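Two complexes are shown next, each including chain A; its partner changes from chain B in the first to chain C in the second.
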Partner chain A sequence: MTLGHLSSAEKALAMLRHLPRVSVNNLAKLPTDSLPKKTPLRGAKNRNKRDMFKIWSPLGWEGGSSPIFKTTPVEVSYNYGYHAQRQYPPMSLKTLQLLIDTGRLDTHHPIDLATLCQTKVYRLDPNLRQFGVHLTAEGMDGFKAKVHLEVQWASQEAIAAVERNGGSLVTAYFDIFSVKALADPIAFFKTGQPIPRRLTPPADAVGYYMNPANRGYLADPTKVAEERVLLAQKFGYSVPPLDDPVSQEAQELIKDPRQVFYGLQPGWIVSLADKRIYKPLDEELVKHYNS
Partner chain B sequence: MFQICRRACQTPRNVLRLLAVPRYASFKAPDAAASNETVVSDLDQIPAEPGTAASSERPSRRFVFHDEDLDNESSRIRPPVPPSRETIFRQYPPESLAGVTRYAWLETLDASEPRTDRLLALHPEIWAARPRLDNLFHNVEWQLWYKDVWYTHERNPKQMPPGIGRPWPQKGTGRARHRTIRSPLWVDGGRCHGAQNPRSHFYMLPYMNRLNGLIHALSVKFAQDDVHIVRDLHIPSPDPEYIEDFIENQGWSLSTLFVDTDDIMPANITAATEKINHFNLMPVYGLNVHSMFYHSTLVLTESALNTIESKLLFGLHRTDRTDVAINSMRTPRPPKFDYRTY
Partner chain C sequence: MLSTVRIACKSLTRTPGIFHSLSTSASRKMEPYKSAIHPDIYLYPGSSVQDQFKTIDPSTLIETDAQSFSGYIPMEALTVRYTDSQGRITADPIRDSRVDIRFHLQSAQWLSDETKANIQAKWGRELTKDGFLVVKSDRTRSAMMNTADGLRKLREAIWASEGQTPPANPELELEIQRKKQIALARKKVKQPKV
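And now, the complex of A and B:
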């Protein structure tokens, strides 16, 4: 019985042909499943919880009674403030092209974070302080789709690859409550809460989202148009005009800086059970959500 | 899920018995009808299927079948028609790393024509998966344990009859001091912190383990030549000897599990296997790892094969597989109290 040329699955199945019949009686778990548990250290070696926390404290944690600037003569840790940083899980242009080719994304409509999360291929967990998608340039040469994207972070190469095909790209900031609503809209609507009012970006992100080179949603549109041309000259392609009706439709669907979902305004309540949308009438609510 | 499990736990014989009560209780003898006397028929007196050999052998039946609900085939709820083999392969083309496509002859339970000339292609992701016997073990263990409830009740000393009071005086005997013979120190005494309530062993195996358990079981059974695919479960005779001889002549092993899509089986095979404990019938929604390995041979109808394959492939390729797999590993908890809604 020579099995060298077979894959592991075929090898296993070929061996099973010559072994006794598998039945309830001869099934067994792995030997590692029934190993005895290691007993913890006892006596003087046993550490208390506080000591364990010192050893296995989270990245960037400052423990102890004396502050870090007194205990260490060097600059702050590389991981300082890691737990508070915003995370942007990446997605490449290659993956985006694959999603479009396999029919999981419809390019006739603008694509935002809710659309990407609905594919279940791109995974986002707002509870881990993940604030949105970072579009990376991997696969930029093979990117042929014409899309209208709204992402949270994008490199210059990714922007160029999208605009070369006649598409458009906007980088937009969403606060964590808006991201939670976008990551799973159905679960959010089932909670019965009104659609939140999107907050302005924090101080360290304002510069990025006001920069027309990043296609920020707070940038001046005329400067963004200039940057479109500049980027095309940098990468050596001609800017296709945005006169396509699909593009016009996409231009109409630009989100307001306070808006979370396309076609839905903050303060509205979407009831999936009633198939109705409830809008606030109270003046204070209207004023709050429109401010 | 628990509902489904309970349903799947019922053996088809139980299902048939439950169904048989209204079905066969309404066999009335024409003579006794006037006296309003209901005769409950035995399964031996099942009306034979029309057009079979048995109907010619037993032309005169004492009882008349007149259950309108079950007699009317159009009113009965039938299982959904599974997709065809071509649809399954078109919808789920085998992955490049999956094994070689398996083939099986389409057979019948008719001794005059035991094998047709149709060769069925079996999806390699289901029938040529790399089997993990430990996963199969955990599936069987789960099936045996999740429905297990211990009703042990151990009494503490206060719950026991008081006994004789002090076994000996407190002082003066030189023996140990005891107030009652129901103390936990005594033989046949009470039990401290013993089991007082029913203890459930219910737990759910993660979704992917259950899914892979079924896939690995089918792969193992097929690799050991223990799977046979038949056109349907119709046999020409309700005689138990017929099915015994047939299986012996075919070289199948003794214990056999017949699986069909519909949970109301054909009358002949129901009658033939009723008294034979090692031949069992099962609807496809009840198919499980334990039953597959409890029986030596697995006989699937073609529609059952299509149903199993399409359902398992859907589970393997569903887009929310990660969510389902992660959620199945979490213990369900009541919803969190949200003060913002009040």
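And now, the complex of A and C:
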């Protein structure tokens, strides 16, 4: 049968009458299918430039070969306990200001580690012994935002820069399981685990978090108020009063030492699928989570 | 058996501040959670965690001895100007790092008469024609740190006029010593072997 006398539309319809039905097994391959497949890289090949900053190798590490302090009998205890050291990846005030200016952070509510990790600009990997955010003072002169922050470590200049704009800062310790929950709260809730009971700081950190100069969450509140005045005197500003509604809300939401998330208690199970919270009723569990 | 509580499920998607929606839900005002080790209960009974945000009157921190200078300076009494290193005001907080702090000495109400007389005696020649005591600092690249440096200079000047030596800063001295040692070591390495 010749089709020469038909128009293009009629030719197409004639073809359709004879072609098989379109289904999954007679589709043409997509152009991307012909590209070489990327197999997962293993070992040294799986390293990119950013890993250099993500993983802090111990001082003296020689790329895998026996470092000099291991072969020298006198220096064998160098880097002792390195595998157990806590790390606090830094975030500068400059980054914080940028996040606020670009709308990634809302200053109308207090900001804690969970909020910072959710921006996906600041990333935390608890598997690398990273215990929280260290607020550094870079960009302190251009820092104009009024924020109510909860961080894990803060330099004095960073505290001053936050407080002189009418904000507030609290340094609080979270154990590794609490950090895992905070680093990705949605993934944590999907596991169905109850919210952990946050542990108290270890012996080498208690001093830091009980020090009012560091705005520690375990410090004497009256002494913290005094330190605010002293810091203002040091850096030359008047302490602004914290009596606006946003500050009031931040003050009311100050976390308990056992609390991980704002508004949520340890022991609760947050179900995203059911859109409900399940609370324990068993006496022993309630006693445990309130202790 | 577990009980259930309905939560305000406004937005459980990736938006900043989603976990604060619980606190702002109008229908329920939740009791703040207080464990057995809450600071108000366990560490500092009788005080409240919210006390740390209260405004303190600085005069309560000053010792009652009114004659000598306590160290407290009310910032409203000083005129602080930020300029770049050439003295120009660029209005850019990063470039304007040089600090100029001044106040009129004789009309300062935050200093006692005795302190003013001491300052006049020691630093009278340094005052400007109009009687202003001026302190400048351009030590670092940060206006905030330079302000701290300027205020330190001012406090030390006032204490020096009263015959007091500035308090020792062992951390700073150690740091200076450490840097000197590094510089010396570097010099040694550069010298050719004889």
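Keep this in mind: the second predicted complex is superposed on the first by the 213 of 291 C-alpha atoms of A that agree within 3 Å, B and C clash if a C-alpha of one lies under 4 Å from a C-alpha of the other, contacts with A are read in each partner's own complex, and residues count from 1 in each chain.
In the analysis below, a contact is a pair of C-beta atoms (placed from the backbone, for glycine too) under 8 Å apart; a residue touches a chain by one contact, two chains touch by 3 or more.
Please read these numbers as outputs of a predicted model, since none were measured by experiment.
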item	value
Which superposed partner A:119 touches (first chain B, second chain C, both, neither)	both
Touching partner for A:8 - first (chain B), second (chain C), both, neither	first
Greater chain A contact set [chain C / chain B]	C
Chain B versus chain C as contact partner of A:226, first or second or both or neither	second
Common interface positions of chain A, toward chain B and toward chain C	119
Of chain A, residues touching chain C in the complex	104-106, 108-110, 114-115, 118-119, 140-142, 157, 160-161, 168, 185-186, 200, 215, 217-222, 224-226, 228-230, 232-239, 241-242, 247, 249, 251-254, 256-259, 261-266, 269-270, 272, 275-281, 289-291
Chain A contact footprint on chain B (complex, rising order)	99-100, 128-131, 133-134, 136-138, 140-141, 219-221, 223-226, 253, 290, 293-294, 296, 319-320, 322-323, 338, 340-341
Residue numbers on chain A that touch chain B, as the complex places them	7-10, 12-14, 16-17, 19, 21-24, 27-30, 33, 119-121, 123, 191-193
List of chain C residues in touch with chain A within their complex	1-7, 9, 12, 14, 16-20, 22-24, 30, 32-39, 43-44, 47-56, 58, 61, 71-76, 78, 80, 93-94, 97, 101, 142-145, 147-148, 150-151
